[in-house]
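First subunit A sits with subunit B, and in the next complex the same chain sits with subunit C.
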Partner chain A sequence: MMKEEKKEKRFKDNRFGKTITSILVPIGMIFISFLVGAIIMLIFGYNPIKAYVSLMRGAFVGSFNLAQTLLNSVPLIFTGLAVAFAFRCGLFNIGAEGQLYLGSLASTYLATTIVLPAILHVPLILIAGALAGGLWAFLPGILKAKTGSHEVITTMMMSWIGVFFSSYVIRNILRDKRTTLPVSKTIYKSAELIKIDQIFPILVLKETRLHIGFFIAILTAILIWYILKKTTIGYEVRAVGFNPYASEYAGISIGKNTILALFISGMLAGLAGTVEVAGLHHKLWDRYSAMYGFTGIAVALLAKNNPIGVIFAAILFGAIQAGGKSMQLDANVPVDMTDILEGIIIFAVAAEEIIKMFIRAREKRRLVKIGTT
Partner chain B sequence: MEQLKNILTPSLFAAMIRMATPLALAAIGGTICERSGIINIALEGLILIGAFSSVVVSYFTGSAWLGVLGAVIISALFALLLAYFSINLRANQVIVGTAINIFALGATGFLTDFIFKEAGATPGVAGLDPIKIPVLCDIPWIGEIFFQQKPIIYLTFLIIALSQFILFKTKIGLRIRAVGEHPRAADTVGINVSKIRYLAVIISGALGGLAGAQLALEEIRRFVEYMSGGRGFIALAANVFGKWTPIGSWLGSLLFGFAQALQLRIGVFKIPPELTNMIPYILTIIVLAGAMGRATAPTALGKPYVKD
Partner chain C sequence: MEKLDKQKEILKLENITKVFPGVLANDRINLNLLEGEIHAILGENGAGKSTLMNILYGLYKADEGEIYLDDNPILIHSPKDAINKGIGMVHQHFMLIPQLTIMENIVLGKETAKGGILNMNAAEKVVKQYSEKFGLHVNPKAKIMDTSVGIQQRVEILKALYHGANILILDEPTAVLTPQEVVELFNVIKSLTAKGMSIFFITHKLEEVVAISDRVTVVRNGRVVDTKNTKDTNKVELARMMVGRDVVLTVTKDEVEKGDVVLDITDLEALDYRNLTAVKGINIQVREGEIVGIAGVDGNGQAELEEVLSGLRKAHRGNIYFKDKDITRLSTRDRLRMGISHISQDRLGRGLIVDFNITENMILGDHDQKPYANGVILNSTSILNETEKLINEFDIRTPTPFLPAHSLSGGNQQKLIVAREFNREPDLLIANQPTRGLDVGAIEFVHNQLLKFRREKKAVLLISLELEEIMSLSDRILVMYEGEIIKEFISNEATKELLGYYMTGGEKKKITNEELEA
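Moving on, here comes the complex of A and B:
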């Protein structure tokens, strides 16, 4: 009896320890990345402390800045989830950018042509945007399942097709004919996502542009976490990602789950585009995405493909982007420093796998040693 | 018909060759790298770094050729980063490639600002001028298309032939292909897998850098932020389209270069540029879908090799 309890306690401790490590390790990586960034700034004669202080101020101090950080994080949560979900199935979706544009296209089309009450209009464009993004990732899924084409190549090719296709449609079909700018007509009020200060006027985010898309993003992250952890679909997707051959042996179809995982991944990226249009811009600009699809890769990696972690990683990248301008104004550091920081963070994440591998290898050696003595 | 005759001029085909050159150089770099089993998503970043380095070196030395050399060396050094992370640290190659691309974008922008105190673009620098090959340049059509070009374009012809020969007819080429197909078998017969892969990645970096130098010193004679403009990705498409061979990569690049050259002559056909931009990627998807025979990537592509 005692023994059983002890075992259970040790198991729990271990799990707790694991959670702590999975939080501490990314924080360590971010810290190291900022340190490397500081060294680079020192080499070029900038003051890193001043730079980081103004970055933080520009990202978090004051309701406008804070809202900007959260606004930046919204599309990144979706694209981060998109990349993370595919990753859980062992697939690398690097085409979220194109899927995002397809989502924007479909939702803008329905938001500028159909008249509906808001209660129906908003869900309709969310569904349409998600489906359009999903369809764009569907073909790479089929190709992977049928011909074995590497999804890294096919999602990337489809992404560029999507980017140029959207450009064409925005400039030639959806364009607001009253201007010469490459932008669509403004969407109907009924398709807009409401601002947060319209629901909670007392919050710090009063009179900012932050919209309920932020909450939709968080709910989606929780939903994806639930799907991965608690449903058969999630179990099968993860099983294929973990060991495709064993899964096949256990009767889980690799092909079906590959297609499904990429489809869901594409839906999430499509939602990123939909929420940007319906929540923030209210019209569709040509090439408006600030590389959200690519930054989503960094977000997913930093979050270790954990849907809840994606929220925090997206806020971090949103903050870096929001604070970049004030870093340039206050500390004279070129705004491109933010891209450098993002690059370093991804390098750190890539290297982190290795650190873990070393730990595992050492553990293994230790166990072997114990076994032999 | 008269219109068609006005478009299909030697100058159109000369432009095709010119525009295909950076694509072909980067695509061949990609081919060699991927033949050894390493995915090179970083080509875009390597082109950008090459373009920037060539302009900086040319600016400070006044010599365009030193600029070319600088581009090749510095991009090769950056490729070393890809090699170290993917071969020694066994990191995910696509992740490292993404990191290099984003870092390159930031670093070139940062340094443009730092060195030239200007955001977005550098001042003009010494570039490379066209060289007319005596006698050959006077052949009608052929002369204008092939023999009145700029030096890196001639160099590219050489590189295409040489890389095809090396990859398929020499021992080192066989080794590169062997470590990309079956690293364990290669290892068993005494081939140093890491060394070969390092070599292939560094070559791809050098070629990416040369592609950047061509764009910067032969086309616009300055550096403009993000001037690679997605060419690294088109190069990747050309490499797949050419089924992982240098000659095939070149043919793919010529096709994509033709689409770009045609775009400069819009107003005649009224093809929207967005649609011509899509062509490389659509064709590549069609090839991958198996419409033109099987296009199979090297078997060990993207998989780190773990020696037991």
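Moving on, here comes the complex of A and C:
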């Protein structure tokens, strides 16, 4: 036994090493994406260095810019978490957009029709928004569990139904009757998510629009991380995601976890919609969402479905969006370059996943072939 | 290293070293192959013998070391490379296309064709030629899916020969064969070497080494322990070399008084995934303090029986009673909680979640129970403590309890599963191939655990393809053939020949292999 122990000490517990690698790889991908972006800019005669410097300036320098970046990231953290959580259970929730709108609907309704002290009103609309989003994903969940119908199709269908349904409700039920614009009434002050500089004056974010929704997003990410890693709920969700057969064999219900995972996923998307309305716009505009639900997929992939990684990936996307205008002003690069950059990042992430899937499939086949060593 | 004089050394592996993350799989291995010899590579699972052979076949690349073919150093980059150099391999899991015929499978990759047009008459002729030359009789026109496993293995060998092998690597070839088929295989191997083939024979079974090999190299923990002429050694010495200590080779069971019936299966019928009847009216009873063994060739309904018993497959007809309670409709989870544990034959598919680490796999099934969880919150300290305890108790070789299960060797994966299921202290254990892939020392351990269970008046239903195991552990042996129990033995009445006869159908046997070849 002694000799074996000595030999094994040669190869240390490489959990730390694995974490470092899993951070370095996404950073590497981002770096490569920016490199490709630079090449494209050069081809069209722009100066990439100037462009990137103004991009970073526009995203991070100055309280207004920094606040904008963080504000952009808030809905992306929620939708990123939504997609990531479902992915952990092996499910593709691509209907976050619709779930987001349902969340906005429910929360706006409660924020414009009843008055409560803020300490009750805010939690109420958050819960309502989350539940509405959750219920919107619940139906695809049940369909998958009972009939096997693929959630890619059902969540996508529900998404468009949700978008148009909320459009209808905004224009006809929630609409501010004083205008013909497709927007709801302004929500009551008690339902608002207050701005950060009203709780504690941070010099750097003074007098910006950044609201506590940002902290709610961070806390939610930590909560989801905790659920996945430290609870039996997360354990079962991940087990089903990795190997439904072995999970079944161990008495874990695939159906129950499918429904639960999609429900929680929908709740997170619903929160995205709630927090945007209650924190930023204070009213519900028809089609206000800049495809947050779909960008959430890119965020989740870049973060490798890790809840803490989602925070950083969301901030990255938020930064690119925020810095775009500066890039246009200072370096004359059309603001569409931000879309191109986002696209390249998404390609890079997708390429890595495809390559990894390929390697994993070959490894698995090899392991099965070789069987016992 | 001893060498038989007058034989030429045709292959030499020098200082082969291979490292995987956290594991030194091959540690400066030196070994050679003489022309015309049958050279057994004997070792525990995780010892590194399959890794070594995979390096030789080009599936892995060695980190250090040289390979010499006829005294010339060579590099092998891929199986194609290996085949071109005359090295052929027959894997444990065959790589044949079921819908194609034997001759189509054999010529695949080096088809008899002219200008892109296949000449299947030439293929048939060529296959017949090789068949005659090496004494491997097959019917070239038969489809693989209609042939027995023994014939399929012959096809794999013919394939390697057709592609020009003069060195053959056989990886655990007897794992899927009945006793009669093993005898036939050994005759084939002897005739191959008589015709000039040289063979590496990977195995962990001592009887095979003694029966067939000229020389044997024992590998342990990635190193060569020794290479000996087989006639100069014996099973006891080989076992000691493999494991590093003296090992009891067959356990003897003591008399245990049987108690009440724990498991009562009545008229059970079940369908397989094609909706054909796989289990056709089975009646089995297992009592406290009893081990009932089910012998049978793989594919006669054992997998479906296991699935119905674990709750994964609905019984088509019939009932299952556990301690007098009808559990036929009960969920898997309920059966687990009632005190039924399973070791599935599908280690990677059902027994483990390979992306989870060892601790996470160790609690699979009990993850929501104390002490692993308080309510919904997992208790990482108790999980880690319990896992480390079991890693020690069951000798699971790993650098860390957080190693993902896919990095464990097959044998250690099996030990993890066995540890988990035994630790639950069930009243009924359903074990399907519980020692598959385990080395002599681990097999001894598991067998002793099963006997301890039995002494404690627990019940075991043992399904296994290893006749020695079934015979030494079971109180009663049932033979399963085509979904039915066609014969029952009290353990001391059963012999290998009798079991082999019933395993292939006994009086019910339909077409023989010879008839298929006609």
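Simple rule for what comes next: the second predicted complex is superposed on the first by the 338 of 373 C-alpha atoms of A that agree within 3 Å, B and C clash if a C-alpha of one lies under 4 Å from a C-alpha of the other, contacts with A are read in each partner's own complex, and residues count from 1 in each chain.
FYI, contacts are C-beta pairs under 8 Å (C-beta built on N, C-alpha and C of every residue); 3 or more make two chains touch, one makes a residue touch a chain.
Computed from a prediction, not measured in an experiment: that's the story for all the values here.
When the two complexes are overlaid on their common chain A, residue A:251 makes contact with subunit C while staying clear of subunit B.
In the overlay built on the shared chain, the residue A:239 is in contact with subunit C alone; subunit B does not reach it. Of the two partner chains placed around the shared chain by superposition, neither subunit B nor subunit C is touched by A:284. Of the two partner chains, neither subunit B nor subunit C is touched by A:272. Once the two complexes are overlaid on the shared chain, A:102 sits clear of subunit B and of subunit C alike.
In the superposition on chain A, A:230 makes contact with subunit C only, not with subunit B.
On subunit A, the surface touched by subunit B in one complex and the surface touched by subunit C in the other have no residue in common. Within the complex formed with subunit C, the subunit A residues making contact are 4, 7-8, 10-15, 230-233, 235-236, 238-239, 242-243, 245-253, 363-364, 366-373. Residues of subunit C that touch subunit A in their complex: 21-25, 45-51, 54, 59, 91-93, 95, 171-172, 204, 221, 310, 312, 331-337, 342, 344, 346, 348-356, 360, 364-365, 367-368, 373, 376-378, 380, 397, 399-400, 402, 406, 409-411, 436-437.
By the touch rule above, subunit A contacts subunit B in their complex via residues 44, 92, 94, 139, 143, 147-150, 152-154, 156-158, 160-161, 164-165, 167-168, 171-172, 294, 297-298, 301, 334-344, 346-347, 349-351, 353-354, 357.
Partner subunit A is touched in their complex by these residues of subunit B: 39, 41, 85, 89-92, 94-96, 98-110, 113-114, 119, 230, 233, 236-237, 240, 272, 274-275, 277-278, 280-282, 284-285, 288-290, 294-297, 301-302.
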